[in-house]
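Next up: some structures, all given as structure tokens.
Look for subunit A in each of the two complexes below; its partner is subunit B in the first and subunit C in the second.
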Partner chain A sequence: MIQQLILNGIIAGSIYALIALGFTIIYRTVKFFHFAHGVVYTAGAYLTYSVFSYLLSGTSNQLSVIGWGIAILIGIVGAGVLGIFIDRFIYHPLRRQKASNLTFLLASFGVFIFLQNLIQLIYGAQILTIRTGPIKEGHQIFNAVITDIQILILFVSCWLLVVLWLFIQRTKLGKAMRAVADDPIAANVVGINPERIILTSFAIGSALAGAAGILISFETNIEPTMGFNALLKGIIASIVGGIGSIPGAMFGGFFLGIAENLGIWKIQAGWKDCIAFAILIVFLLLRPGGIWGVKTEKERL
Partner chain B sequence: MLLEVINLTVYYGTVQALNNISLFVNEGEIVALIGPNGSGKSTALNAICGVLRSLDGEIKSGKIVFMGETINGMLPHDLVKKGLCIVPEGRRIFPTMTILENLEMGGYIVNDKKTIKGTMEKVFHLFSVLKERRKQKAGTLSSGEQQMLAIGRALMLQPKLLLLDEPSLGLSPNYVEVVFEKTKEINKDGTSILLVEQNARMALEICHRGYVFKIGEIAFEDKAKNLLENDEVRKSFLGEI
Partner chain C sequence: MEYLLHILVLTGIYIILTLSLNLIVGYTGLPALGHAAFSCIGAYTSSLLALNMGVTPWIGLVIGASVAAISGIVIGYPAVRLKGDYLALATFGLGVIVYSIVKNWVSLTRGPMGLPGIPGFSVFGFQLSEIWSYLILVALFVFLTYFTIRRIVNSPFGRILRGIREDEIATLAMGKDVDRYKILIFVIGAFFAGIAGSLYAHYITFIDPSSFTVMESITILLMVVFGGMGSLSGSFIGASILVIFPELLRFLGMPSSVAAPLRQMIYGLLLIILMLKRPQGILGRYKLR
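Coming up: the complex of A and B.
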């Protein structure tokens, strides 16, 4: 039992980690909570759903590996492009007007609601399912059961986390993103164009949200409102990990996933979301810097 | 003339920070801007290097000419490509990145890896402490070492004109000496320098010419030697009785 709960927690955690990482990458450069991140997650899932349905139309066969690859890739790239659009058409004009953080917050809520309703208008409010093929029995490992789809989720998300980590640590563009996160004015005076870095962050962060939405849609049904809960979990994971910290966001995601699932060992499953919020409150009160112990603005002064 | 500022007036919102100032820097010179706190020295530097807009300031009138080209309103990331580079007040190194990464970021716009490596060797030669600690996070350095890093980072761009904003502020007396020595050395290697300093006496001792600021205007301008001997400057700005 406990092995199964931990495994489920790791799988859920890998999704949370992807959302939190995307959220954190964007937060670090723009320094406000980009709530519309949640709807980008939904959009990624729906885009992949469309590609899947299109490729499957007329056949009753399963999709080939190439078909899977195309559907996932279009979903991820589409989510990245959506992120760029949100920044260019909403946040960029606000930045030029030197809008306050509150304005950005409200704008990002507005984008969230608008796009969620747009998705509902196009696809309808009902639950949709991506036909991933016949349900097969899972594999036994360490007294726990894991399905092929879950292995795919775990593999893809962990691969993305590692690739992103290496990108940010090793590449010139990744380092420039860290420089802007550290001090935007200093980054500007060494020749880094902050607008370019902001755009890159939105592209990468949103692609990660899209990837998370796509992966979860192979496991469960999708609906237009799915982004809200995912966004909350992503934000909680970011805060618990240490807001603005990249390893913190990854670690926070796994921590939250495992804690939620271990929680329902003793408590009813309906209380799962409650566990996440309880953890958030405990951290905010006792360790606001998160697991990674980032310094809050106050401490920095 | 490398840099020429003509009749510059700057406002922060409705507050005037600079009133119709003019100054210039010749090739090969060290020029110092001195004067009390809030007299507009740093504002002048920020206007020249393009940071002003990020600080909510605005050039109301006047002209800034660098190497024959008007650069008013250009942004910092475009100006560094022209060879104009600032070491900002308070050092502003990237604290979570290593010294090596800080220097790499200094050479962000340089695409040739060999050039970057060569320049970095020069920087390490100038500031050997940076080489010893190159893997260390920059936030863990002392303020003096951070200042060395900030200057080193700016040198990675091999600027024609280096702007230094209060480089000795908050440093131990030892490092204040080092900063002024290194400033002279950098200048000898062919980089022109425009220096803003609280420490007026030391600044005037290493520079060729100086401008004395007073509430947004230039009160005196002369060769450094003459300013050091000027009675009024000595009384009002060098703290002598």
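Coming up: the complex of A and C.
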């Protein structure tokens, strides 16, 4: 039982880590809570679903590898483009007005509500499924069952986490992103255009959210409201790991996933959200810098 | 006609919620995103008292509002430690926790099935069943709330609240116990939200957790921001427009599967436009910090 719960926690955690990583990449450059991140996650899943069902209607009942590739690629790229659009048309004008953080927060809530309901208007409120073929029996490891799809989710998300980590640490663009995160003015002085870096962050962060949404849609069903919970888990994970810290976001995701699933060992599954938010409140009040104590904005000044 | 009165009653309940949230967000400058939690606590307390112990709604309303006020100490506590977005997030989280408790504590609240058959108000043995009588009742409470909150914001106490919003450190330097005032304002706001929740429960006679989601809190905040931060007449305008305007969609003959998301889309769009063009709201003088 406990092995199964930990395994479930790791799988859920890998998705949380992806969302938290995307959220953190964006947070580092713009320094406000981008709530609309959750709806980008939903949009990625729905885009893939649309392409998937469009391609499926033309052929027989099974999609080729190329078809899958196209559907997933469009989902991820679409999510990235959506992120860029949100920044260009809403956050960019607000930045020029030097709006307060709370204004950004409410505007991003507005984007979230608008887009989520737009998706609901187009696709309906009902649950949709991307069927990946016949359901197979899972594999047995360490007294726990894991399905093929779950292995795929774990593998892909861990791969994405490593690639992103290397990208930010090793490439020139990653270095520029770190520079803007540390000090946008100093970065500007040495010839980095902060606006370009912000756009890049939105593109990468949103693409990650889209990827997370697509991965989860293989495992469970998709519905218009799925982004809300996912977003909150992503935010909680980033705060637990230390807001703005990239390894922290990854760790926080896994930590939250495992904590949530171990929590329902003794109490009912319905309390999962309650556990997650209790963790958030405890961290916010007692350790706002996360487990390793990242310096918050206020302390930096 | 019945329908029109019903909308007016709902508007009144939202005005109470908006006024009380304006006290916290607009006057004291504390971004609180969990206001629906207070009305949830008020509604459930007085409904459960009425259903399980036969307590009359009048007493239930007072107890419900008091329990909500006590919960204001817990939900307002983060305001002492956190600022800005972090406070918004913490109150948001506490809102989700309250919602989650109400939804999952099935043995007490019947969870998602909700509580049906909540008795209505009665005056001298006469059961209030007509909608217009509820309109009078709600109008009375709106007046009471407005009057009390106006007294609060125009008193020396209200000046301290505005002091906290404008410059917390200066207020602290004046020898005011800022932390105590912050909690106190959450308690007062929660009390009125509890009244609104209790009125709603006894008016509709059915409540379930879905009426008190976090989206509801955001809607109330939108009403405050739309009408104007720190403006009482703004709260009246904000709540009235945002309750009545989406109802007009019904008259366009749309099926509810279209009208419901469309209504939310309008809210979302309004929030975006408001933030871009006029972050202080229609009648507000103060911007969000």
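In the analysis below, the second predicted complex is superposed on the first by the 296 of 301 C-alpha atoms of A that agree within 3 Å, B and C clash if a C-alpha of one lies under 4 Å from a C-alpha of the other, contacts with A are read in each partner's own complex, and residues count from 1 in each chain.
Definition applied: a residue touches a chain if its C-beta (ideal position, glycine included) is under 8 Å from a C-beta of that chain, and two chains touch if they have at least 3 such contacts.
Only a predicted model underlies this, so the values are computations on that prediction, with no experimental measurement involved.
Of the two partner chains placed by the overlay, only subunit B lies in contact with A:98; subunit C stays clear of it. Within the superposed three-chain model, A:90 lies in touch with subunit C and out of touch with subunit B [touch as defined at top].
Legend: residue contacts after superposition of the two complexes on their common chain; A:172 is shown touching subunit B, with no touch to subunit C. When both complexes are overlaid on chain A, the residue A:277 reaches subunit C alone and has no touch with subunit B. Contacts of A:111 after superposition: subunit C is touched, whereas subunit B is not reached.
Once chain A of one complex is fitted onto chain A of the other, the partner contacts of A:123 are absent, as it touches neither subunit B nor subunit C. Contacts of A:182 after superposition: subunit B is touched, whereas subunit C is not reached. When subunit A is checked against subunit B and against subunit C, the one touching more of its residues turns out to be C. Residue contacts after overlaying the shared chain place A:190 against subunit B, while subunit C stays out of touching range.
Every residue of subunit A that touches subunit C in the complex is listed here, in rising order: 32-33, 90, 93-94, 99-107, 109-118, 120-121, 124-125, 232, 235-236, 239, 268, 270-271, 273-274, 277-278, 280-281, 284-285, 288, 296, 298.
Subunit C meets subunit A in the complex at residues 31, 77-78, 81-86, 88-90, 93-94, 96-97, 100-101, 103-104, 215, 218, 221-222, 225, 257-258, 261-262, 264-265, 267-272, 274-276, 279, 287-289. Taken together, the subunit B residues at the contact with subunit A in this complex read 49, 51, 54, 56, 75-77, 80-81, 85-86, 88, 92-97, 101, 104-106, 108-109, 153-154, 156-157.
Within the complex formed with subunit B, the residues of subunit A that make contact are 98, 172, 175-176, 178-179, 181-194.
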